[in-house]
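Chains here go by letter, A, B, C and D, matching the order in which they are written, and residues are numbered from 1 within each.
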Amino acid sequence: MVASEFVHVPDLNLVVQEIAGEMRARADRGNVATYIPELARVDPHQFGLAVIDGDGQVACGGDADVPFSIQSVSKVFTLTLALGKFGDRLWRRVGREPSGSAFNSIVQLEHEHGIPRNPFINPGAIAVTDLILSGHQPREALGEILRFMRFLADDPSVTIDEKVAASEQRTGFRNAALANYMKSYDVLDNPVDLTLGVYFHQCAIAMSCRQLAMAGRFLAHLGRNPATGHSVVTAERARRINAIMLTCGHYDGSGEFAYRVGLPGKSGVGGGILAIAPGKASIAVWSPGLDATGNSHLGRIALEMLTKRLGWSIFA
Amino acid sequence: MVASEFVHVPDLNLVVQEIAGEMRARADRGNVATYIPELARVDPHQFGLAVIDGDGQVACGGDADVPFSIQSVSKVFTLTLALGKFGDRLWRRVGREPSGSAFNSIVQLEHEHGIPRNPFINPGAIAVTDLILSGHQPREALGEILRFMRFLADDPSVTIDEKVAASEQRTGFRNAALANYMKSYDVLDNPVDLTLGVYFHQCAIAMSCRQLAMAGRFLAHLGRNPATGHSVVTAERARRINAIMLTCGHYDGSGEFAYRVGLPGKSGVGGGILAIAPGKASIAVWSPGLDATGNSHLGRIALEMLTKRLGWSIFA
Amino acid sequence: MVASEFVHVPDLNLVVQEIAGEMRARADRGNVATYIPELARVDPHQFGLAVIDGDGQVACGGDADVPFSIQSVSKVFTLTLALGKFGDRLWRRVGREPSGSAFNSIVQLEHEHGIPRNPFINPGAIAVTDLILSGHQPREALGEILRFMRFLADDPSVTIDEKVAASEQRTGFRNAALANYMKSYDVLDNPVDLTLGVYFHQCAIAMSCRQLAMAGRFLAHLGRNPATGHSVVTAERARRINAIMLTCGHYDGSGEFAYRVGLPGKSGVGGGILAIAPGKASIAVWSPGLDATGNSHLGRIALEMLTKRLGWSIFA
Amino acid sequence: MVASEFVHVPDLNLVVQEIAGEMRARADRGNVATYIPELARVDPHQFGLAVIDGDGQVACGGDADVPFSIQSVSKVFTLTLALGKFGDRLWRRVGREPSGSAFNSIVQLEHEHGIPRNPFINPGAIAVTDLILSGHQPREALGEILRFMRFLADDPSVTIDEKVAASEQRTGFRNAALANYMKSYDVLDNPVDLTLGVYFHQCAIAMSCRQLAMAGRFLAHLGRNPATGHSVVTAERARRINAIMLTCGHYDGSGEFAYRVGLPGKSGVGGGILAIAPGKASIAVWSPGLDATGNSHLGRIALEMLTKRLGWSIFA
C-alpha cells in the first residue's frame, strides 16, 4: 500500500479515544474470572487501551493507567527471558503447536508424555518458569522476572499483587495437577511447590495498559526497544515469539483472534491482552470480563476495531 | 521499514534460482505419501518454486511447470467459493480453530458433535464441499470448482487427474469414516458418496507451481487479481482466509510453519504448498516428500529460506 | 449354600409372574430408541420375561411371546459362531476389555489402531460379522447366522424384520463411519457395504423372550443344550463368553449391570436383554424403553429383582 | 452341578502345592514395578499362594508367609470401610464403571468433571480415602484402616512398611496430579497432602498371602467371617463389592482377568492379587513381576490354573 497525499491516514489518538468511548458504552462485558477469588472482585466496568508506535507516540484511552493482574500475558515475557538463557534447548521441554484445548487441559499432556503443546497454555508456561528457576532460589527467579518487566516497561514501579498471588496459591489445584503431572514425566527440574510459587507470583504481576504496551515494544520492532535502540532479542527471535502468539496466544480462541483481529496477541484471565502490530506498534488493552474461551470480551472487540480502522492486520 | 537507496533489496529471480538449486542438491527429501497409491509413484526428486509479485513479475525455479496433485491446497479455493455462495452461514457447519490433531483425526468430531474444527482439515473440507454440492449434481459442482480454479489461474488447461481421483475413491476409507460420522450428526446435506466423489476429484486437480501461484494472487492483494484489478473477494475476506491458513493450514504442523516461515500457507499431501506474502506475492512450492506431519519437507524449508532472504515474514 | 428342607425355595413361575405384574404397573419406562426410525414406533408399554432352567422348565410372564428386534443381543451369537469358525485367531481383530465408552464411540478406535476394544460394542461386532462374511456372499453369511439362531432356539420360525434392516441401512451413518474407519486400518476384509449389510440384518433378527432364552441355554450349561445334551461350544468357551458378557455386555452401563444384577448379560437397543445364570438358567427380558446408557430400563430392573429373589447372583 | 461319589474332587492342598511348584520353575516372571523405587528392589523370584475355604481349611504354597506391599489391593478394604461409614452417599464421589484406561490415567477425569470412574483406579481410591479421612487427623484415619485390616486378617501383626510409604510420598507425582485435579473439582474435602499421606500409607500396608486371604473371607461368604459368623457387611454389599472387583479390579486388564480366571479379584503393583470364589474360598497370590497392564504376571496365571483345576469360575 502506497500512502499518497490522497489516502486518509486515521489519527491514532482519535481512533483510540473513539474505541475507548464505544467500549465504555457497551452493555455486553463478558464475565469476570471467578476461579481466582481475588480476581472475581474486580469491577467489570473498566476498560483501558494503550498504543505505542515506533516513534514513541503513546495513545491512551479509558483506564489505561489502572494496574491489573497481567496473569498469562506474563507468559510472553518469561518465554523471552528463558529463550535468552537457554536458547533452543527450551524446546525440548515444550512444543510450539496450538493445542486445540482449554488453557488448563491435562488430556494433551497424557497423550504426549507430559510435554506441553506450547509455552502459552498453563502447563507450558509452568515448564518455562521451572527452567528460569533452575539453579536459583524462588525469590531470585521471581526477582529476575520482575526486573525484566520493569526494564522492558521502563518503569521501576511495576510490582506483584501479593493478594492475587496468595489467592491463586490457595486455590490453584488445577495448576498443581498440571505441574505434578509434568513432574511425573521429569519435565520439571524443581520441587513442584517452588515452581508453582514462582509461577503464581509471575501471574500476579500488576501493570497498566500503558506499562504493558511499553514492555511489548521490542516485539513490534525487530527485537529492539525503538526508544533506545537497544536489542532485547534478535529480530528472528522477535518474529518467532510473535508467530507463537498468533497461533497459540488465546488458547482455544486463538483461531478466532487471528480471524477477527489479525495480530499476534496474548491474553490473560485478568482481562488484559498484549497485541503486536509488527513494524508499527505495541498495543495493550484491558477489560476484566471474559468470553467463553477465557479471553477478554471487550478487549478482543476493541482490537478488532483498531486493526480495521488503522489497516494494521498482518494478513493484508 | 523505509527502503532507501542504501538498503540492499535482493533480486527475486536470483533468490528463487538459488533456493531451487540448493533444494535440488539436498539428500533429505521426506517420504512420499503412500496412503493414496497413485501418489506413491511420484518421483521424490522433483522440486518446483514459483513466486508472483504484485507487478505481475513471475520468478520460477526447478520443476515449476510440472503439474502435481494439489490435494488439500484445494481446500483454500473451495472455502473461498463456498464463502462466496453462503457467506458466514458456512461457519455453522465448520469452526475456525486449529485442531491440534492430524489431518484425518476423528476424535475431535466425537467431542464436538460432528462439527469439524476448521475448513482445512479433512472433515472440515468435506463439509465445505458438501455445501457447494447442495442443489447440484456432482458433475456440476465439480465443474464449478474446476472453472473457478481455471479462472483464478488464468489458464483453461487446468484439469483433474482422474487416475488420482479413482485411486483415492478406492482407498479413501478414512475420509468415508469422517463423512459418515458427520452425516450421523446431520452436518452433511448430501448423500455421503456424492459428497466424497466431488471431494476426491477436487483433491485430484493437477496444477503446476506457476498455475497455483497465479491462482493465489487475490489472497496477496486485498482480494483482487492485481493484473486485472477484478475483485475475487472483499479485502476483509481475503485477510480472514489468510488468517485461517496461518493458524490451520498445516494440520498439527501449523505452529511450526508459522514459527519458521511466518506466512499464511496451505499444504497438500501431494507435496504442494501455497503461501501468501500479503501485499507482496503469491508463492507456490512443490516437493513430493513429506515430513512427519504430512507437509512437504523441502517445500517448508524452501519457504523458510525465501522469507528470510526477502524479509517477507508477516511477523516483523 | 446347602439347600435343606427348611430353606425356602421360591417358586420360579411365581417370581416371574410377580415381576411381570410389577413391571406392567410402573410409570417409569425409559425412552424408546429413536436413532433407528423403525424402532421408534414400538409401543413402550410392553414387557416380557422368560426363564428356562436346566430341567427345561420354562417360566414366562407378560409379552414373552411377542417378537422384538434383538439388535445387539445378536452379538453374543455371532461371536459364538465366529469363535467356532476361527477360534482364537478372532482375537487378532478385536480385544476383550471393557471400553468405558458408548456403544458407538469412535475415539477408542483412533487411539488403538482401529482394533475395537471388545466384540460387544458396535465396531467389535462389525469386525466379527466381517470375519463370518469372509469367503461368502452376504446372503450366505446371513443365512448361516439365521440358521444358527433357529438351531439354538429350536424354532425355525425365527426371521429377520426386513423393515428394521432397511431402516437401519438408510440411517446407519455412525456404523458406516466405524466400519470405514476399521477398513482404513485393514481390520475388515470385505467391502464395507457388504459387511454392514450383513450386520444390519443380523441386528434386525426378531425373536420373542421365549425364543431368546431358548437360544441362550448353552451358555448356562457348560456349552451344551441341556435338553439334547448336544455340545454347542466347549465348557471353557461358554465360560469365557459369559465373562465377556459380564464385563462388556452393557456398553458403559456394564459396571452398573454387574453391580445391580450380578449376571452375565447382553442388551440391545430394541430393549431386549439376554442374561445367563450359570448352571441355573437362561433368561430373556424385553421392554423397549432405554436408560441413558442405551440399555432396557425395566429389563435391568426386572433382572435385578429376579436375581435377588432367586439368589442367583454369581457374586455370592 | 451335583457332586456324586463318582465325581473327582481335586484335593485343594495338592492343587495349591502343584501350582506353587510350577510357578517357581517358570522363567517368565514379568517386570517388577519401578515407579516406586522401594518396590523396585523386591526379588522377582518369589511366589506365594494361600487359599482359605469356608470350613477354615488353609492351603498355602511357596512364599505364602512372606509379607509384601499390598498396594492397590488395599482399595477393596478402604471401599468396604467407607461404604460402612457413608453408605451409598459414597457413589456421589466415585462411579462404578470400568474405565477402559490405565490405573493412573487423568484423561477420564477431565471428561467427567473430576469424578473418578470407579473406586479401584487410583483417583477413585484417593477419593474414597479422602472420605475416610474427613473429620479426622491423618493418623487417626490410618489407624482405623490398619485396625480394620488386622481385624479382618485376625492378626494384630499387620503393619505398614514405612520405607515404602516414604518412597511413594517422595515420588508419587502422578497421584498428586490426580488428587489436585479432583480437588479442583471439589471432589476431595481434605487438604491434598493429608489425603495423599493416608493413601500412600494404606498402599504400603505389608501382608502375607495368608494374611490377605484371611482378610478377604467375608467377601466369599455373604459378608460374614465364616470362622466366627460375625457379619462384616451385608450379603448384598459383599456381592456388590465382588461385582466391582470383577469389572474394575485389574485396570485395563480387567476383561482379561475375567476371561481367563473368572473370579472377582483386585491386584496391586506390589504383585499381590486378592481373588474371591463366592461361596467357596478367599484366595491370595503374590509374585512381584507385573505384566503390561500392571498386574502380577504369575499371579494371574496361577489363578487361571487354580480356577480351572478346581472348577471355581463363577461363569459356569
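Following the convention adopted for this analysis, a residue touches a chain if its C-beta (ideal position, glycine included) is under 8 Å from a C-beta of that chain, and two chains touch if they have at least 3 such contacts.
Note that the structure is predicted; figures quoted are calculated from it, not measured.
Colleague: Can you name the chains that touch chain A as well as chain D?
Modeller: none
Colleague: Where centres are the averaged C-alpha coordinates, which chain has the largest centre distance to chain A?
Modeller: So the chain farthest away from chain A turns out to be C.
Colleague: For chain C and chain D, let me know how many angstrom lie between their CA-based centres, rounded off.
Modeller: 31
Colleague: Round to the nearest whole Å and give the separation of the Cα centres of chain B and chain C.
Modeller: 48
Colleague: Can you work out the whole-Å distance between the CA centroids of chain A and chain C?
Modeller: Each chain's C-alpha centroid was found; their separation is 56 Å.
Colleague: Could you check chain B for residues that touch two or more other chains and list them?
Modeller: none
Colleague: Can you list every touching chain pair?
Modeller: Pairs satisfying the touch definition: A-B, A-D, B-C, C-D.
Colleague: Using the touch rule from the top, collect the residues of chain A that touch chain D in their complex.
Modeller: 105-107, 109-111, 173-174, 176-181, 183-184, 192
Colleague: For chain A, which residues count as touching chain B in their complex?
Modeller: 1, 95-101, 108, 117-118, 222, 235-236, 238-240, 242-244, 246-248, 252-256, 258-259, 262, 264, 278-279, 308, 313-316
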